[in-house]
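Below, subunit A partners subunit B and then partners subunit C, in two separate complexes.
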Partner chain A sequence: MAKIELSNISHTYNPNDTNPTYALNPFSMTWENGKRYAILGPSGCGKTTMLNIVSGLVRPSKGKILFDENDVTDLITEERNIAQVFQFPVIYNTMTVYDNLAFPLRCRNFSDQKIEERVKSVSDTLRLSSFLKSPARKLTADQKQLISLGRGLVREDVAGVLMDEPLTVIDPDLKFRLRRNLKEINEQYKTTLVYVTHDQNEAMTFADNIIVMDQGEIVQVGLPKDLFERPRTTFVGYFIGSPAMNLFETEASSNDCVKINGTLIKTNTNLSKLKDKKIKLGIRSEFINLAEDQKHNLLSVEVDKVEDLGNYKLLTAKMGELTIKSKINREIEVPSSDVKLHIPADKCCVYDNEILI
Partner chain B sequence: MNFKHKYVFLFPGLFVLIGILIFPIIFTIRLSLSGWNSYTPEMNFIGITNYIRLFTDDPRFWESFFRLSFLSVTTVILQYIIGFALALIVWREIKFKRFFRVIFLIPMMTTPVIMTVIWRTFFHESLGPVNDLLGNLGVEPILWLSDPVIAKFTVIIVEVWQWTPFMFLLLLAGLLSLPKEPFLAAAIDGASSFRKFVYVTFPLMAPISIGAIIIRLIEASKIMDTVFVLTSGGPGTATETSSFYIYIKGLREFQMGYAATLSFTYLVIMIISLTIIAKVLTKLMIKE
Partner chain C sequence: MEKLYKFLKYTFIILWTVFIVAPFLWAISTSFKDFQSVNSKVTYIPWLDFEPTLEGWRVLVKSPARGGVDIVEPYFNSLFVTCTASLISIVLGTLAAYALSRFTFKAGFVRNNDITFFFISQRIMPPIVLSIPFFIFLSTIGLLDSLIGLVVVYIVLLMPIAVWIMVDFFNRVPKELDETALIDGCNPYQAFYKVVLPNSIPGLIVAGMFCIIFGWIDFFFAFILTFTEVQLLPVKVVALNSSITPWWSLSASALISVAPLIIVAFVVERYLSKGNLSGALK
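== the complex of A and B ==
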C-alpha cells in the first residue's frame, strides 16, 4: 500500500503538434493510503488516461508520479507494483482459477507456501474458494471480473488497485453486492482503491472521495455530500444528481437576492460585488417543495406535468420561459394548475461564470 | 412470403456450381468405374476392378501418399513456426516495420513455377551457387536433387520459402486484431515475455492458427508444381507425391479410368483426414 501522488501531471496524445490538445490539463493530486476514490466524468473526459498514467501504461507528457515519495514516472508497469482491473474481465483462459490468482505471485517468484496462503485469503474474501480448481474460462462474467480483481489483491504490497469501469458487464443486483464487497476488501486489506466510472450512483456509494472530471480538467474533489449540495461548477451540478440541478439565468438585485422572472429570491450568498451582473442560480430538485406556510422565497408556477417515478413524484413546472423540476414526496397530492414552490435560501448555489461563489 | 421466382435467381450460381464442382465429381466417379485408357478410349463399365487394383496391387500410390503426408505436415509446421516468429517480430513497434512487412510477403507474390526453376538452378549440384558457396566454406558438394533423402528436404525448403509469407500474413492479421487488455493485464501481473506468449498471445491466437494451418494443409497436400519442376518426382520416386503420381497415370500413361479411381480415392481420404485434423487441432488448441 502506498500514498500515490500526482504532481503537475499533464498529458497530450499529440505532443509534436504546434498546438497540442491536452487530454489532461495540468493538475496535482494526492491519493492517501488505504482510501477509496472514484473518478467520475463523462466519456472522453480523461479518466482512463489518468488511470493509465498511474499504472504506467501511459507516460505523462509533463509532471511526476510518486509512490510513497519515490518517483516512479519512468518505471514501466511491471516495476510499479500496481494492479488494474479493466472494463471487461481479463483472465488467463488456459488456467484454473487458482492458477489465475497465483499468476502475479508466480511471476514475482514467491514461494509455493506463500502463494497458497495468499490465494486462499483472497479467494475467501471474493467468495471464489469453491471454484479454485475449475478452469477460469467456465466461470460467469462477474466471477471472471472477481478473478481480475483478485489478481490485483493477491499482492500484499501492491501500491493501489485501479479499476476502470469494472462493473459494466455485471448485473445490477450483483453490482450492488460487488461494490459492498469492494468496500469490505478496502477495509480488510487497507488497499488504496481508485475506481473510474461514469455512473454517479456507483461513485457515490463506493467512494470516500469523488473526483469529478470534465474535458481533461478536474472540476471538483469532495465527499458525495459536497458534490450534491455544493457543486463547485454548473457542470458538476448538471452531471451529478438525477434530475440535474435546476439552473436559472438571473442577476443579483441586492446584497443577497436574485430576481427570477420578476420574483425576488433570497440566498445565503453575499452578492454585493456582483450587482447587475449575469449570474446563475442553482438549486437541486430535491430541495424545492410545494409551499406550505412559508412567506418568502416563493415562485408562482404553472404545473406542466407530474410523473410518478415509484419512490417519488417528479414535478415539472413552467414559469414563463423557465422550467423547474422538483422531487416531491409521492404521498403529497399535486394540484393540476398553478402552485407555489418554496426555494430554501440555504440550499441556493450562485454561480458566476459557471463557478460557485 | 411465397416467392417462387427465387429459383430463377439462384440458377446462375447453381449452374456454375454444377458446372465446376458437381459435374466433374460425378464424371470422375463414373470414369473410375471404366477402363478408359489409350487402347480402349471409351466409357465402358468394368465395375470396381480399378479400386481392387488400387487397394491390392499399387504400393506406389500409397508410398506417394505417405510421402505427401510427410512433406505437407513438415512444411506446414515449419511455415507455422517461421511465419509466427516473423509476424511477432513485425507486430511490435520496430524500425522499418512497413518495409519488413512487405519484404516478408515477396515470395508469395512470385510465380511458383518460375521461382522453382530459379531454386533448381541454385541447387544444381555442379553448376549451382549453393554448392559453390558451401565449397568455399570447405563443405563437400551436397546432392540436393539426386539423393533420395536430401531431395525431400530440398522440396521442403522451396515450399517453406514460397508459402511461409501466406502463413505470416494470416498470423499478422490475427495478431493485429487481438484485444489490448489481456496484454496490459499480463504486464500489470508482471509476466515475462515468455509467459506473455505462452499464456496470452498463443491462446488468443489459437483459433486463427487453426484456420491458417488447415488452409495451408489443404494447399500443401496439392504439392505438384514444385515437385514437377524441381525433381520430377525423382530421384526414382523419392519425391513423388499423390497428385504427381495421378498426373503420371492420367496424362502421361493415359490410364484415364485408373487415374480417376486414384483421384476419387485421394479426395475421400483428404476430406476425412482434414476433418479429423481440424477436430484434433481445435481440441488441442482451443479449450472451450
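== the complex of A and C ==
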C-alpha cells in the first residue's frame, strides 16, 4: 500500500526517430493510498502504457515514478512489489490453482503458514476454494481470470493492484459481484486499486476517481458526478454517458446567451469575452425535459422518434439540421408532433475550442 | 457413401502399415538367416522355410580378431555423441531462442529474424559445403578423429534445429506470462526457468526429438571427420558391406540402429498427441 506519484511522465515507443510519436504526453498525477481509480478511454489511448510504466514493465521515456516519496523509476518490476492483472487470464499452466495463488508469496519467501492463510482467504473471496487442487489449465476462462485476479490480491503489502480491463472475459453476473468484492477488499485492506476499462458504467460504479484519457493525454480527472455533469472537454462529454452529450455548434449572442437555430438559450456561463466566436453548447440528454410551465430556454422541436428503453424513453428530436436527444421518464406521454423542450441554464456547458469555459 | 469412405480409409491404412512394417519384418527375418538361407531360394517362415541362426547377431558383438565386426563401441560412441550434442544444443538453443523471441536485437541491418535465419541457414547449405571448413577447423585444434570433435560439429548441426523450433514455440507463449512472473516477484532468470520453461516442455521434447534423430542418423560428417580412432554406428554399419554382402548381420545392425529412435518415438508420441503446445493465455 502506497501513495503512487507519477511526475512529468511521458513515453514514446520509438525514441530514436527524428519525430517520435508519444503514446503518453507529459503529465503528472498522484494516486492516493487506499483509493480506487478507474482509467477510462478508448482503445489505444495509452491506458495500458500507463499501467506498464507504474508496474515497471515499461520504462518511461521521461519523468519519475514515486512510491511513498521513494523514486522507483529505475527499479525493476520484481523490486516494486506491485500487482498487475491483464485483460486476458494469464495462469501458470503447469501448476495447480493453489500453487498459482501461492506463487507470488513463494517468490517473496513468505512462510508456508502465511501462504496457506492468504491463499485460503483469497480463494474464499473469489469462490475458488473447491478448485484449489485442480490443475489450473483445466479451469474455464473466467475461472482462470479469477486466478489471475487472486494472484494480484494475495499479497497484502503490495503498493497497488493495477488491473487492465480484468473483467472482460467474465460473465455479467459474476462481474457485478467481483466489482463489489474488489471494493470490499479495497475498504478492508486499504489497497490502492487502479482499474483500466473502456466501460464507463464499470468505471462509474467502481471508482472514487476517474481518469479520462484520449490519444495519450489525460483529459479529465474527477469524481464520476463531475465527469458527468461538467465534462472538461467535448471528448469527455461525448465519451461518457449514454447517449453522448448533446453538442450544438453556436455563437455567443450576449453576455450569457447563445443562439440555437434562432432561439436564445440562457446559460450560467459568462460569455462576454466570446462574443461572435464559434463555440459549442453541451447538455446531457438527462437534463433536457418536455416543457411544462417554463417560459424561457425552450426549444421548439419536431419529434423524430421515441424509443422505449425499459427504464426510460429516449426522445430523438429534430430542429432544422440539429438532432437533440432527451431521456424522458417512461410514464410521460410524448406527443408525436411538435414539442417544446426545456434546457436548464445551470446544466449547460459551454465549450470554446473544445474546452469547458 | 460412408461405407465406401470407411473401406477406402481402412484399405489405405492397411497398405500404409504394410509399407512401413514390411521392411522391418524382412530385416528381422533376414537377421536370423545364414548364407545358405539368403542365397539359395526365397524363404519366409523360420523353422519351416529355413533354420534360424543367431550368427548374424553374434558377428556384431565379436571382436574383429575372432572374425566379428564389433559394433558395440561405435554404438556407444554414437549414443555419447548424439546425446551430448543434443543436450548442449537444446540448452544453448533454448536460451538463444528465448532471447530471440523476447528481446529486440539490432546490429546494422540485422534484426531478430535475420539472426534466426542465420541459424537455420546452417541447415539449408548442403553438408558438403561445410565439410572442408569443419575438417580444417578440427585438424587445427587437434580434434579430428575424436569424440569431442564430433560433439562440437554436431552441436553446430543440431543447434539450428533447436533454435528454430524453440523460437517458434516461445513466440506462441504470450509475453504476458513472463510479465506476470516478474510482477509476482521473479527476477528475469527465475521467470524463465520457473514459469516459461515448464510451460515449454512440449516444445523442448519436440526439439530434443529432432536433435536426437538428426544426430543419430548422420553418416556424412561421421564418415569425413573420423578415421581409425573413433567410429560412429552409421559408418560401421556401412563398413559391414564387403565383396559378399552379409545380409544377415546388416539386417541385425540395422535393427539395433533403429531401436533407440523407435523408443524415442514412443516416448514423444504421448506429448505430441496431447496438443497442449501452447495456451497459457485464455
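Methods note: the second predicted complex is superposed on the first by the 357 of 357 C-alpha atoms of A that agree within 3 Å, B and C clash if a C-alpha of one lies under 4 Å from a C-alpha of the other, contacts with A are read in each partner's own complex, and residues count from 1 in each chain.
Here is the rule we go by: a contact is a pair of C-beta atoms (placed from the backbone, for glycine too) under 8 Å apart; a residue touches a chain by one contact, two chains touch by 3 or more.
Since the structure is predicted, the reported quantities are computational estimates derived from the model, not experimental observations.
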Side-by-side fit of subunit B and subunit C on subunit A, or clash: clash
Touched partner set for A:Leu75, first subunit B, second subunit C, both or neither: neither
Which of subunit B and subunit C A:Gln84 touches, first, second, both or neither: both
Partner chain in contact with A:Leu57 - subunit B first, subunit C second, else both or neither: both
Touching partner for A:Arg137 - first (subunit B), second (subunit C), both, neither: both
Subunit B versus subunit C as contact partner of A:Leu66, first or second or both or neither: neither
Which of subunit B and subunit C A:Thr94 touches, first, second, both or neither: both
Subunit A positions touched by subunit B in one structure and by subunit C in the second: 55, 57, 76-78, 82-84, 86, 88, 90, 92-94, 103-104, 107-108, 137, 148, 151
Subunit B contact footprint on subunit A (complex, rising order): 55, 57, 76-78, 82-84, 86-88, 90, 92-95, 103-104, 107-108, 135, 137, 148, 151-152
Residues of subunit C that touch subunit A when the two form their complex: 174, 176-177, 179-180, 182-188, 190, 195, 198-199, 201, 276, 279-282
Subunit C partner contacts - residues on subunit A that touch it in the complex: 55-57, 76-78, 81-84, 86, 88-94, 103-104, 107-108, 137, 141, 144, 148, 151, 169
Sites on subunit B touched by subunit A in the complex: 181-182, 184-185, 187-192, 195, 199-200, 203, 287-288
